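Look at the two complexes coming up: subunit A is in both, with subunit B in one and subunit C in the other.
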Partner chain A sequence: MRGFELVRPATLEEAIRLLDTDDPTVRPLSGGTAIMQMMKTGIFKPSRLVSLSSLAGDHSAITLDDKGFLSIGAMTTLAAVEHSQVVLQHAPLLPKVMKRLANVRVRNAATVGGALAHGDPHMDLPPVLAALDAEVIAQGPGGQRRIPVADLYAGYFETVLQRGEIIASVSVPPRNGCNSVYRKTTTRTADDWPALGVATSLGRGEGVLQHVRLFASAATERMTRLGSAEAHLRGNRPEAKLLEEAGRIAAQEVEVIDDAHGSAAYKVALVAVQVRRALHEALQQGSEQ
Partner chain B sequence: MVCNDMNDKAAVVRRIRFRLNGRQREAQVASHENLVDLLVRLDLFGARESCGQGLCGCCTVLVDDIAVSGCLTLAQLVDGCEVHTVEGLAEKGKLDFVQQAFIDEGAFQCGFCTPGFVMMTHELLKRIPEPSEPEIREYLSGNLCRCAAYPEIIRAVQTAARNRPDPAGVAGEHA
Partner chain C sequence: MNIRPELTNHQIGRSVPRLEGPEKVSGRASYVHNLKLPGMLYAKIFRSTVAHGRILSIDVSAARMMEGVEHVFTGEDVKTIVPNPYFGPAFHDQPVLAIDKVHFVGEPVAVVLARDPYVAAEAAQLITAEYEELPAVFDEVEAMHSKAVVHEELKPAGTFPDLKHLAGRKDTNIALDYHLRRGDPVAGFAQAVHVFEHEFRTQQVMHVPLEPMVTLAEPHHNTIIIHTASQSPSFVRIEIARLLGWPENRVQVKVPHLGGGFGAKLYIKLEALAACAALLAGAPVKVMLPMEEQFYTITKHASTFRIKSGVDHEGRLLARHCEVYWNGGAFADIGPRVTQKSGFTAPGPYDIDNVSIDSYALYTNRPPAGALRGFGIPQLVWAYESHTDIIAHELGIDPIEFRRRNILRDDRPQATGTPMTDAAVDAVLEKIAECMQWESGSRRKSDDPTKRFGRGMAIGFKASISPTTSVAVVNVAADGSVVLQLSTVDMGQGSDTAMAQIVAEILEVAAEDVRIVHPDTDVTPYDMATLGSRSTFHMGHAVRLAAEDAKRKLEELAHAMGFTDHAVWQPRDLFRRKYGMQAGNVIGVGTFIPEYRSPDPENGQSDKVTPFWMIGGTGVELEVDVETGHFRILRMINVADLGTPLNPRIVETQLSGASMMQLGFTMFEEMRLDAGQVTNASLADYKIPGIQDVPDAIENEIVAAHQSNGPFGAKGVGETATFGVSPAIANALFDAVGVRLTQLPLTPEAVFMAMRAKEGAASGV
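Showing the complex of A and B:
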């Protein structure tokens, strides 16, 4: 790694000002767990890193508003999300996902903002938050905007965040009786990066599936919404045959990539199985309540 | 130049001030140095860089009482922080209860991974004073031992939990 300028602004506005440049070698630094790897391997050679660590005081709160929306500050560590009682109560899937995400030390340092902004398709939080209909609150030189996590990724390691834009927080809507599941398939160790991640959120009414969200990640170049499988499920009775068909449709619509975690052919087969199992699991949870 | 608060003035090398195992220290630090690099320069060799990627835990140190991978921590960012390493657990020539438990259970062969396991064990016992075996396995899953002393390490953690002097006797209290 070679020398660069490391700055530590005290406010979000100052950080945005420091990041408002066309120079791609200027980037924010939160927990540093992802960016350090990219620097060590020489993939990223910064000229300036804007550490957001001094913003942790103002941007690492977990709060619930009177409409039941959960807000998680971008500088909240993954460990804080894992151990938060408020999160456990209102988005119980999140702490569950943390248990198998990296390891204790990484979760102690890594932040929600970094986990969303990095754009590595293997990451667990993007599909999970997308299935929960979460939105990112991005703050930039032009003000604030909300971006659904489902629309955050433009490509491989690429987000739709614009010049100078920082993720300030993420907002998770109330569950409204929906049940959510994340199934992570690892091919080497239990806490390895996934070969495939499938996240779903299902809500039933009058015997049919009314609310359906289905996302795949890791096997794909970027997190992908399984729209055809969703459409096949929506408005129908959740019988075993329907869930199986949804798995098959998902496997057909998704574009998977070959990598060290498995061949594309293997991962296509996995999609069909894991989508079906995720749907079953979510329905099971629903009937237990 | 003494600079506690980093501002937006360009600087590749900075003087930082932090507490290391209870003692106030100052060091000239380059932006690209990680915390293990800095500790080695200060003659502390307990935290060592092995994988360099956050996977193995050999570089575990506590920053403001939180276990992190020193290999993924930029040294300039510990300015103003409290850093604890395995060297600070007990007075010179003595061992603390976790270190002693690792010896009693023979929980190492080469010992390369041991400082990291010891520091993580402190962090675990702080959070869960009497961890179950699955809890130990889960908590230490980010620490690798290439000599595969895992069964002995799990026993050492259980022994340490039993021998723990008192809830306040955790990392850093000896400094």
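Showing the complex of A and C:
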């Protein structure tokens, strides 16, 4: 890796213009925690990096609107999310997840937008935000659109973002009495990339599960919604047997890959256990309130 | 003589804070990585992409043409200044750059030099090489008889007399076969009521010093200065001088602070390439490896250990056979010494009359393996203490009780015939039992039905590499201040502080006031190397002798200057009286080599195979998640016999540090290979333990002991807490969930699959 061009647009519009190209060696740079690694190991050789650092001022606010929607600017660092009182109050799962997301050095540099746009299935934020029904606000040459985080990923390191499109912010809806849990399983050290991530959000009414969100990541090629398990749970009384069945259904429906974190057979077994445990944990949280 | 009368000695046994601490925590300590010289060129190594192959061609033209590239060299260029450019401590099998063939993926083939390291890196990617691929061998057991032969001919270095007979041996991957026979193993097994036989394996791992290897060679008129992160400056000087055909005094090796070594920076690593490149280029050359490339430089032996024991009806071990295969990778490095010097402890700290050991150093087409904290001992203890636990359980004897019946006590001879003098095996065992409240059996139970509690322990021992020499110089200035010159490398283990304490004790000054000169072979005298927990004992003695020599000379000077025996004087008074002003020096010199007797080449017997024994053991309490196989260490107790500690606080950090390092090798670390290619050569994919992986409690216990031939009763400790960790964890896992793992690392998946297999077997599925 030798030379490349580093440009620092002052506005989002200018950044979009600079990124509106077919050249795959032109990439945006926010926290740089992932792309710098790829550059150092020679996996990625940029001709031009479009640094978004000048946009941080306008795009790193955490705000709450009058309808209870939390907005997090894409340039907000993970550490800022971790320590925000507003986030703690309205999406308490997020600061909790941060404690075991990478390490403090990465969290100080990495941004929410970058963590979502990178597309690595091992990232923790996508399943968590998806379970919270969050949407990204993407801005591109054709204007602005909202994409549910649940629908953001097209494949391995692949998002549905179009040419020139940048995530400007993330919108997290109010909790409406739902309880959310993220369970991260590592198979080597505690600070390793997850072998499996399971995120869930549950809402109860009239003794049955009304609102159910269930996502798996890391063990899969891309973040995956566990639709069959969700359907099995929805409208039913959350008894131990039901949660057990949901875990088993999740393990059946999910397409798990073999990798350095473990064999597919092992990770399928982990899915059944961790889905069940995540559901239990969310229900327990609910009953404690 | 008393410069600071309030001290009245007591420098030994005092937890003196590390002398280098303030310099390091304030970021002022200098490392080779920080060193820049005018006109310096950065090197980038182009490495082999095949595991075994004949080199057909190397095309460096595109790299050479790249703007900013100063030089590109291959093995042929090296030959113009070093006709026979092969090096290594035991075998001269490692070329500076590949010649004719390559032996593993990652072997250095060419080097690019540029003023800008990024230019050098980019140019190295433009180099291409064509190979005729040869059959390769990766497994140590297969290497015994494989058709793939890594080296055409064995080339022992000649430095070790017992390797000379191997010269010129062809068509073999066995770099060294070591054999020990004691008693009559055949008869012993014949008498046995029970015979147990198991096989245990360990994986290839790496040292991961956080300061990657780095060397800067600086050529001068007819000398060369080598600034290097090395644990063995004296060896580097000798080996570079040999390669160049120069006298030692034209090679100066300087070592500043090291950011960890653990055996990775021993003997000779990047120094030969840096020296050759600098001489060819006529400019200073810095070779600095990124973290990733360390995995292609030196590693820890993968191993296979087949162990067989015969036991009588009272649970006494009658006979033991040990067959150990060490995967040495493509270059022998110090592997033959691991095979032999650790090999002879393979039967464990047990009193067994009939023993046979066959230990083999094998070449394979993997990255080379050498010394790593424990020098082969952790691989051996892993096997013999797992084996011991299995035997105890199968015989229905408590594992600690079984050991009590069999350990080496008092001065009983070990397998080599050398007595276990000052070796507190029983005290270590009993301390573990006490700390774990083993007998009262207070077993914790979890409220959570998915968790199972387990406990396990293991003990091990190690001999010191022998015979080796250390030399030290104590220089007293005319104001009485003291400088210690020594070639021991303080890479974080605290040797500077411990050696200063020894000088201070004898010369009656404060350890904090002794200045240490870091290794510089123009100034600091010979030391074999900083390895194998040898410094406290060997260099400790040399430093003691040097300080005593200086003290004697001061006393003689006092006498000559007319001070009576009972007069109170300070050194500066002597110099002033002698020279009429603040002038002169008193130089004390100390040289130490322990007693040693070479083992009988026929049966490996010797009554003085080591100057001291290191004894260590670990107890583990853990909790297994039966649904996922994950386990958490609740408590890890490390117990050591290290003689009398010179600096208790530093010793304790040595114990906890060593145990954590071995915990990483036990639970997480593994170099994964695909056709000889390391697939996880980065800290993102090769995971070393972090702060969250530290057990809930680590307790370090030093048993009361005295090494009677050691300096102030002390002996080495750097490796002792590595010995028992792996088998203690495996034994605790067995205790918790009833599954026996025989291959490291002990991953959650391995535990899970073993539990599933056991359930399957139980239910007949």
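Note that in this section the second predicted complex is superposed on the first by the 289 of 289 C-alpha atoms of A that agree within 3 Å, B and C clash if a C-alpha of one lies under 4 Å from a C-alpha of the other, contacts with A are read in each partner's own complex, and residues count from 1 in each chain.
Here is the rule we go by: a residue touches a chain if its C-beta (ideal position, glycine included) is under 8 Å from a C-beta of that chain, and two chains touch if they have at least 3 such contacts.
All figures in this text were calculated on a predicted structure; none of them were measured in a lab.
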Classify the contacts of A:Ala269 with the two partner chains as first (subunit B alone), second (subunit C alone), both, or neither. second
Just checking: does A:Glu14 make contact with subunit B only, subunit C only, both, or neither of them? Give me first, second, both or neither. first
A:Gly32 in the overlay: touching subunit B, subunit C, both, or neither? Say first, second, both or neither. first
Just checking: does A:Asn108 make contact with subunit B only, subunit C only, both, or neither of them? Give me first, second, both or neither. first
Classify the contacts of A:Ala260 with the two partner chains as first (subunit B alone), second (subunit C alone), both, or neither. second
Is A:Thr185 touching the first partner subunit B, the second partner subunit C, both, or neither of them? second
Of the two partners subunit B and subunit C, more of subunit A gets touched by chain B
Who does A:Gly42 touch here: subunit B (first), subunit C (second), both, or neither? second
Pick out the shared contact residues on subunit A: the ones touching subunit B in one complex and subunit C in the other. 1-2, 37, 40, 103, 189-191
Enumerate the contact residues on subunit A facing subunit B in the complex. 1-9, 14, 18, 29, 32-33, 36-37, 39-40, 48-49, 51, 53, 79, 99, 102-106, 108-109, 189-191
Could you list, by residue number, the parts of subunit C that touch subunit A in their complex? 116, 118-119, 121-122, 125, 290, 292, 627-628, 630, 667-668, 672, 679-680, 682, 684-685, 687-690, 692-693, 747-749, 752-753
Parts of subunit A lying in touch with subunit C, wherever the complex brings them together: 1-2, 37, 40-42, 103, 185, 187-193, 260, 262-263, 266, 269-270, 273-274
Under the touch definition given earlier, write down the residues of subunit B that touch subunit A in their complex. 5-14, 30-32, 34, 52-55, 57, 60, 66-69, 71-74, 76-77, 120, 123, 138-139, 141-143
